[in-house]
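Paired with chain B in one complex and with chain C in the other, chain A is shared by the two complexes that follow.
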Partner chain A sequence: MKDFIKACFLVAYRDLRRFWKFKHWLAAQLAMNLADVVIFALVLNNMVNRDYIPDYVKFMSTGVLAIATFASAFSIGREVGGEMRREVHHYLLSLPAPRAALAAGRFIGGALRGLVYQLAFIVLNLLVVGVPGPVQALAIAYTSLLFSLSMSALAIAVVSSTRDFNLQSTFRALIYYTLFFFSNVFYPKELISLRFPGPLAAVVTHAPISRAAEVYRWGFGYYQSLDPMALPEVTLWAIILLAVAALLYTRNLSRQ
Partner chain B sequence: MGALSDLRTLALFAYWDLLRMRRRTMFVAMRVVWFALQVTLFALALSAMVRFRGYVSQGLDYYHFYLLGVYASILFSISTSNAYEVAEEFEEGIIEYHLSLPVKRRILTLGRAIGGGLAGFIFTLPMFGIVLALIGGATPWAVAASLAAALAFSIGVVGLVLSIVLSVKSGDATDVLFGVLDAMIVRLSTIFYPAVVLSKVAPYYYAAVSNPVSHFVDLLRTFFFFEEYRVLAVSDPAIMASYLLGFVAGLVSAAVYVVERKLEGGGWR
Partner chain C sequence: MLAVSAAVKIVDFVKKFGDTVAVDGLNLEIYEGEIFGLLGPNGSGKSTTLLTIATVYKPTSGDIYVFGRSVTREGDEVRKYVGIAFQEPKAMWVDTLYELLLWHARVVGYSSAEAKSAVRDAMERLNLWEHRGKQFYQLSGGTRKKLEIAKVLIQRPRLAIFDEPTAQVDVITKHALWDVIRELRQEGSTVIVATNDMFEAERICERLAIMYRGRLGALGTVRELKDRIPGGDVVEIGYEGSREEVERAVSRLPSVGRYVLEDNRLIAYLNRGEEKAAEIVSLLTSAGVKVKRIMVQEPTLDDVFFYFTGARLREENQDVALNRGATPWAR
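Our next item is the complex of A and B:
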């Protein structure tokens, strides 16, 4: 068990260190996420219907926290995809570590990237939206951990399913855009329910990013109450995505 | 004879850029997915959420307003993506190869700007068609004028790309600069919101009214919905058209200057 944890830690640590290699991607991502709050939300706040969204800046700050965590945790997919194409995974398989530890280490490495990157947006939310109480802070930490773990696992499973660069990029983009737009980050779920057919509204409401954003909105005090199903759904998404991703990644690693 | 030969060389460079479109097919495919989601889910939800208050006319349809914005933003984004292509060419030594050819550098730059602009324009034609269908058609004059504006805008953006990438000569700097530029220029423009709404935040307003993207997108809007958008546009249609032409001429000239005077000496970083 000790060896398993050590191997897991080493793999995760390697992935976290390699995160800084992408400082240019990080700078551009940071600019985009910040611009969504300090430009887009600030201006749109003068145009939104107050019956739906009383304060769009606060609404978006919490939403961008979810998007930022998702994008940075998901970014590990690009690297794992590159490894699969260049067959670096053969080297990883030759390491004296169980495959489960390798997979867990990768998922944790991706999640750590999400957690590190989200810190700037946690500070932004503390300044713009409010300071969470102890229970809310715990809920935010719990959601961040599970959400970034599941997004990292999802990205890894998706890109490892093929070694073709074009297919990898297409799968990643499709999943990224679908999760990004089919969420309540930019618009409240009440509006989705009013404007779109029932099944689509349900998909948006129960999507992992929507659930994470909802916990953040409640955690920082934008919402007064939290849907009792939000945290269980965050947990359920994490369990499902981690289990499926672990199976797929370990299978894809050894596939010829 | 000289002028004819220059024209032929220019056409060859433009054609070469068009042939390289194939390398970017996957990038464009992803942008098409992004576009499809933007004009369906995102734009519909946003238009349901937006309520213009007193200072903007009540009859304004935000969905139509935003559709042309999405088109402008995708044209800008695809034309800007040339930056990564040029950066890659620098790394592969293609830029040095081009410089060694027995052609005038002015012609080389003009050919690349026109070719890159044409490629971006052609890539976004299907999306233009979709926007046209969603806004319920338009007069042939409006379609022709907006296509001409789109082509000019795309060439101007490629001029900007060439000027910046060939000046900074660094792959990393190109990544950061264009990531930030894309994020800022689109948001600090009238793509999502009319200029009058931006006037609530003075620095953003001045940034938007001097932003060529705002002039381009508002010009498109006045082509299609002259009465509704004339009062909301950043400027008078003639001024916006002049601004757009000035943008193209200025940026392409800047690119010519960089290639003729600044490109040689110092390698790619």
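Our next item is the complex of A and C:
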């Protein structure tokens, strides 16, 4: 068990360490996410219906926290894909580490990237939205961990399904934008229901990014209450995505 | 678990990639503590075999046992014994040489402090220290190969695998790498070297397997393989005397398969030329023939390689062209 944990930690550390090497990507990503709040939310704040969104800046800041965590955790997929194309995974597979530790380490590595990256947006939310109480802080931490872990696992599993760069990019983009746009980060459920009557609003509500955003909105005090199903659904998404991703990634790694 | 009698035991190993058969029923034993060479043309299945020993690939059928552990069922255990220097260095372009090796040292079992010291030692040994801050993409082909060797040098595994370790490296580095390989063996490691360099194989390998189209073409020590070429050695004797006497003397030696007499020179094709030359000289002298000079030339490993592989290529070409059976190879 000690060896397993050590291998897992080292693999995660490898991915986290490499995160800092992509400083230009990080800067661009950070600027983009901040621009979402600074430009988009500030402009729209005076244009949106206050009955549905009392304060769009606060609404968006908490939503961007979820999006930023998602984007950052999901970025691990890009590297895992590159490693598979260059057969760097052969090296990883030859190392004295159990396959499960390798998979777990990579998932955790991606998750840590998400958690580190979201720190800047946590600070932003503390300044713009409010300071959470102990229970809320715990819920935010719990959600961040599971959400980041499941998005990292999803990205790794998807990208490792093929070594074709075009297919990898297409799969990643397809999932990324589906999760990104089918979320309540930009608009609350009520507005989505008005524009798209039917099941779409319900689908959006139960999507993982939406659930994480809701916890953050409640956690930082934008919402006064939390849907009791939000945290269980965050947990359920994490269990499902982690299980499927672990299965897919280990299968894809040792397919040959 | 098998009784440990060999470092690596390959049993009916088949590896297919789709419809392509990379290795086709390979059986082989590599003894503990030896430097074993794997020779073969491109696409002969050398790398596939090595990657399967390292548990990167899974056998399609058959199995490989590393110190008695099955690669199909006990991969986690096998990986504790194996270290591999890949043919194509495997790293992401953004990592520095030092980071790559330091992480490698940690993952193969060194503590943080030990890792730094082991990495520095290996890097200095291979003249890599000055490049430590360079990112992988900035490294030359030769330096990348040294990175792979350094990984194994740091790991000091029980089974060290080198896949074409000296391709793309200069002569000085080549000799340094051979020293590393010998040192590992000296310390108790079993070493497998896949190579296309005949000189390298002859210099460092104790036994060789020649692979051809996924199958074992030949197996043995360098000497044994050379002896397996019919009439492989050439003994050339310059003489003064009667041609008939020479012919009579040589005909009494069944070990001489074929010979040529021209310009007072006897050119005999046979095996174990060094041993037989004295016998020929003795016979000629007793027949009154004066021996003026002797030259013995043994086949090179190139000859061995062509005999077990190139010959078959020619056979196949002829099979296709003439649609008939194989033509025996002749020197």
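The rule we apply is simple: the second predicted complex is superposed on the first by the 255 of 256 C-alpha atoms of A that agree within 3 Å, B and C clash if a C-alpha of one lies under 4 Å from a C-alpha of the other, contacts with A are read in each partner's own complex, and residues count from 1 in each chain.
Criterion: contacts are C-beta pairs under 8 Å (C-beta built on N, C-alpha and C of every residue); 3 or more make two chains touch, one makes a residue touch a chain.
Given the structure is predicted, the values throughout are model-derived calculations rather than measurements.
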Query: After superposition on the shared chain, which partner residues are touched by A:Asn46: those of chain B (first), chain C (second), both, or neither?
result: first
Which superposed partner A:Arg17 touches (first chain B, second chain C, both, neither): second
- prompt: What is the contact status of A:Asn166 with respect to chain B (first) and chain C (second): first, second, both, or neither?
  reply: first
Message: Between chain B and chain C, whom does A:Glu83 touch in the aligned arrangement: first, second, both, or neither?
response: second
- request: Quick one: classify A:Ala27 as touching chain B (first), chain C (second), both or neither.
  value: first
- prompt: Is the number of chain A residues in contact higher for chain B or for chain C?
  reply: B
Message: Let me test your reading of the model: by the given contact rule, A:Arg251 touches which partner, first (chain B), second (chain C), both or neither?
response: neither
- request: Answer with first, second, both or neither: which of chain B and chain C does A:Ala7 touch in the superposed model?
  value: second
Statement: chain A residues contacting chain B in one complex and chain C in the other none
Field: Residue ranges of chain C touching chain A (in the complex, touch as defined)
entry: 17, 51, 54-58, 75-76, 79-80, 82-84, 86, 88, 90-92, 94-95, 99, 103, 106-109
Statement: Interface with chain A, chain B side, in the complex: residues 26, 29-30, 33-34, 37-38, 41-42, 44-46, 48-53, 172, 175-176, 178-180, 182-184, 187-188, 192-193, 197-198, 200-201, 204
Query: Given the complex with chain B, which residues does chain A contribute to the contact?
result: 24-25, 27-29, 31-32, 35-36, 39-40, 42-44, 46-49, 52-53, 166, 169-170, 173-174, 177-178, 181-182, 186-188, 191-192, 194-196
- line: Listed in rising order, chain A residues that touch chain C in their complex are 7, 10-11, 13-14, 17-18, 21-22, 79, 82-83, 86-88, 90-91, 93-99, 254, 256
